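Let me begin by presenting the structure, written as structure tokens, before commenting on it.
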Amino acid sequence: MDGVRPMVDMTTQLATLTLPNPVLTASGCAAAGRELHQFFDVAALGAVVTKSIMMRPRSGRATPRMAETPSGMLNSIGLQGPGIDAFIDTDLAWLAEHGARTVVSIAGGHTDEYVELARRLNGHPAVSMLEVNISCPNVESRGQVFACDAIASSRVIGAVRRAADPSLPVFAKLSPDVTDITLIARACADAGADGFSLINTLLGMVIDTDTMAPALGGGTGGLSGPAIRPVAVRCVWQVRRALPHLPILGMGGIRSGLDALQFVLAGASAVSVGTAVFGDPSAPVRVLAELEQALDDRGFAALADAVGYAHRRPADRLVPEAAEVAAG
Amino acid sequence: MDGVRPMVDMTTQLATLTLPNPVLTASGCAAAGRELHQFFDVAALGAVVTKSIMMRPRSGRATPRMAETPSGMLNSIGLQGPGIDAFIDTDLAWLAEHGARTVVSIAGGHTDEYVELARRLNGHPAVSMLEVNISCPNVESRGQVFACDAIASSRVIGAVRRAADPSLPVFAKLSPDVTDITLIARACADAGADGFSLINTLLGMVIDTDTMAPALGGGTGGLSGPAIRPVAVRCVWQVRRALPHLPILGMGGIRSGLDALQFVLAGASAVSVGTAVFGDPSAPVRVLAELEQALDDRGFAALADAVGYAHRRPADRLVPEAAEVAAG
Amino acid sequence: MTADTVVSKPVQETAEIFSVQKIGEYVQFTVVAPGIAAGFQPGHFVAVAVGGDNTSMLLRRAFALYGATPTGQFAGTIQFVVAEHGPGTRWLTQRSVGETLDVVGPLGTSFPLPSGPSPAVLVGGGYGSAPLIPLARELVAAGSPVEILLGAATGSRLFGELVAKRTVGAVTVTTDDGSAGVRGRVADVLPDAIERIGAEVVYACGPMPMLRAVSEVARAHAIQAQVAVEEAMACGIGVCMTCVLPVRGDDGRSRFVRSCVDGPVFAADRVRWEDVGTLPADVMGADAMGGH
Amino acid sequence: MTADTVVSKPVQETAEIFSVQKIGEYVQFTVVAPGIAAGFQPGHFVAVAVGGDNTSMLLRRAFALYGATPTGQFAGTIQFVVAEHGPGTRWLTQRSVGETLDVVGPLGTSFPLPSGPSPAVLVGGGYGSAPLIPLARELVAAGSPVEILLGAATGSRLFGELVAKRTVGAVTVTTDDGSAGVRGRVADVLPDAIERIGAEVVYACGPMPMLRAVSEVARAHAIQAQVAVEEAMACGIGVCMTCVLPVRGDDGRSRFVRSCVDGPVFAADRVRWEDVGTLPADVMGADAMGGH
């Protein structure tokens, strides 16, 4: 930390996609980039991940839609959005115009909806990757969330993989609310997933002690923020260990470069900054700068060398700088 | 809040067990009561829940055994303990001598170990209830955690229920790390569980960015504290809804009387205060006083009237005091 | 009502606290934030980070701007008024001069101004009067006759009575408990005020039930009301969709719109007051809500 | 070495900060905590809540007591020394006189005192010298010849040189970088000091590698060493089992014992230094660890 700007090769690879750096926004926490562009150039990010889009316009749920919790928040938005056509015409067009690499998150109530979304996005020059949000109730299975069932997950991912432009990586975004996330990951991998986005929110609830009823209009909601970071890091670690050849986009409570580094060391090739944006609109670019500095401080010449580093056995490690626990 | 001491009937019922009040310690966060007795009279609590005990003395895992996380902590103790014989001779004897009602938490590597523990505890005058910690690896199933499998869970609970003194309630302590906690709860209920302790810790991990390796000796650890409270409240809500006739001992991030009230409104008949004790050794008695005050403020004459209140439909509610959102 | 609302261009600033003043139950802050001051229009708000380093409170708190002095003896300053509500506002009210706050603003839409002089009644509930004061100044400067009505539950929760009187002269005060001014609700005295000055527009800021009542009075008098709403906000900058309420558009269709960027100021007759907090079946996209 | 360690009886106090003093890289606190002061013996520590209301930091931070004045002009006070390490200690070093801290103490075991006068060398690493100063005073008062050795990475991380000299006269200083005193490690100068005064006991506090080195020197001289260890602690009061290390008992068997209540002071020859941070197969109950 000698004041010199760090010179770390920050490029990263998400399957066939090369990004100039590994820091992205998180779906639903950056809309489609336009508002954040008031605070920083969205083209400076690895990519913008857009809010999950569905076929039709959606109102979302009744308010209240959020509750702050210790080091976290619950949300119950219900995927409010304009529908795929308006999204392509306005949001994607704006992103293309501003030179932002774009990961489009798609969501559906049944497999066909996902497939149709992938088709509509094929060939659009602004789209760099698809993130498939399978934390949605499957209307054909009495509302069970796709991501909580290996078969439903693999069916959606397989169908999207077949429908999507072969040059676009398809990432499966998994839910931590499962008994064994590696089983779902493996099913998605077998179905052709090119990588994983880990993790979506945890199902949570707050009771309002004034009204003595659930605080959210939707009853339960998704828990995000630093509170869930240890769960997210664990999921990244487990999936990396189970499927070391597939890239991971890690997320869940990242607020600083050192937080991002935890995900990278656990096996993520890139990270999304979500809830932190609400507290600090320029968090993604700050996290990027801090991560580069942190890698430089630790002697990494390239981000790629740090990906999964915490899995190495002691013998395969760099000689770590002696951690000074206390003076003496 | 007119300065008068609240007069709420705080007695609660956990199956056949009546407790003078609903605030307990949490297993593993109060040892066997002796140390906390320096700060308050342990007999003033609803009950002391002791650290999970196994048949043989156990060393526990290598250090580091904890990592602080945002509004939470990870632990990886590995059930260090003296074994059931020493536990009965020293810990239970001390608790009996000090008039503390005691919930003994038992843990095992296979069903027979749980059964044998239950047998040893039969007839001991200090024991008021058994809490069966099934968040343990099943050595007969390649280390899969009992609580993550409905069949393994029900087998343990059924066997303990049969082995234990019929007058002792047997509570199954469930893990939130499952796809559907109500399925596990139902399996335990069918096997004879008299109630549930909800929730145990979430599996998490922290990477130490100095050593660039997992921060805990055990790699992963259990996440506890206010960070997980929304997950815990959700689990209590779901199990209450699924099995309204069975009592719940709620826990996970309770630090104040209002936190405890969330659990009660969601369906818990009693609560355990765990991690909060580390920050405030007298947290359990403070939580009890605050909960009584909060119930009084809301016009409840008895705790029992508040249990599960948040599930009521609007028509079945008391007229709530108008919540003043802002002056005007 | 032809002039448009001014949508803000927000910046994030580390703002030194220049003064902290206790006023009744409120605390008035003046902080140095030249970038925010430069863009300010009445109705805009700021979002302030609370709790300091290592806090468990992740989200910013929103406060309407009470004023801004873009230049002067010091770099530009802004003012806002804080009512202690929960832990975030409690933390704020404990700050002292010289400390800094992390502030994002100006945010949201401003009160649309009439294109020429036009009689107006301004209705503030509690701290809701704060954004009306700079609005009153602009209206008066443009030659509009202005009356201000201030209401609160009790006298100590009134805000801005003196400065309101200095600004417009005609001020009426109501309190629910009669501890100051007329006993009653502020909307009760609105019809008289409208008639007294032949108001062509009403501006209001305060709790939702008050805004709804104001909206009804304005409708009964067939005049416009512009109201600044207060919905819980996670981001304040338009990216999260937590702060929505059902609003009718020019096309007659209702949508859930974001009160942080499409508001907080709305034409009162466009807000579906009775449906706030519900999911009306005719809101755009409600038909697609199958289960989640 | 016949006298026993004094196991503390902890209390929880809201302690007003009486003084905050910067000393090199450290900050020395004096806080009003009569209950803790009353029970204090050298070696005891306190656990301090950090971060204030609504903090995300749940756990207390441990600090060795540098001294206690049970009575005096003011109610009893205690002293401790804080090195900035991470967010918790940073928060502490930013506190000011008049604020209060939530403190639990005294905690842990104290240094066992010799039953009569007996030459002793005290070895402190960095802030580890803090608890040795009150110990030195007691030893000197009991008529024991005492030498103090202070080591640190660099001069600004030395603590207590002046007060050590005032207390015992014979003080040797080492720094790794030679910026003060002898260049080198403090354990390197220990053999000379032991021989110089014919020490019968060594007391030490500092980082684990230093304690281990001290332990070896003492063993080579066939004298006792009593050392205060520093393990990460979640509760500090003996209920959580996070703070353990492998220690040999009187029966020759090793156990994982809690450094917060069975320590922090241990007879150095009982600690299995080489096995700290591992699970030695012969530790009691290691054989029962099948998988979790």
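Per-chain residue numbering starts at 1, and chain names A, B, C and D are given in the order in which the chains are listed.
Assume contacts are C-beta pairs under 8 Å (C-beta built on N, C-alpha and C of every residue); 3 or more make two chains touch, one makes a residue touch a chain.
Not measured: the values here are computed from a predicted model.
The set of chains touching subunit A and also touching subunit C is given as B, D. Between B-D and A-D, more contacting C-beta pairs join the chains of B-D. The mean-CA centres of subunit B and subunit D are about 35 angstrom from one another, to the nearest whole unit.
Our note on geometry: subunit A versus subunit B, Cα centroid distance of 33 Å, whole angstroms.
Between the CA-based centres of subunit A and subunit D the separation comes to 45 Å, rounded to the whole angstrom. If you average the CA atoms of subunit C and of subunit D, the two centres end up 56 Å from each other.
Subunit D has residues 56-57 in contact with two or more other chains. Residue numbers of subunit A whose C-beta contacts span two or more other chains: 70-72, 225-226. Judged by the touch criterion defined above, the protein chains are all mutually in contact, each touching every other. On subunit A, the positions that touch subunit D within their shared complex are 70-71, 226, 324-328.
Remark: subunit B residues 28-31, 35-36, 38-39, 51, 54, 56-66, 68, 70-73, 75, 77-81, 83, 109, 136-137, 139, 143, 217, 225-226, 275-282 touch subunit D in the complex.
For subunit C in complex with subunit A, the touching residues are 9-12, 49, 56-60, 102, 104, 231-232, 234-245, 255-256, 261, 276-279, 283-292. Of all residues in subunit C, those touching subunit B in their complex are 25, 56, 83, 85, 125-128, 151-154, 157, 186, 206-208, 210, 230. Note for the complex: subunit D touches subunit C at residues 51-57, 87, 90-91.
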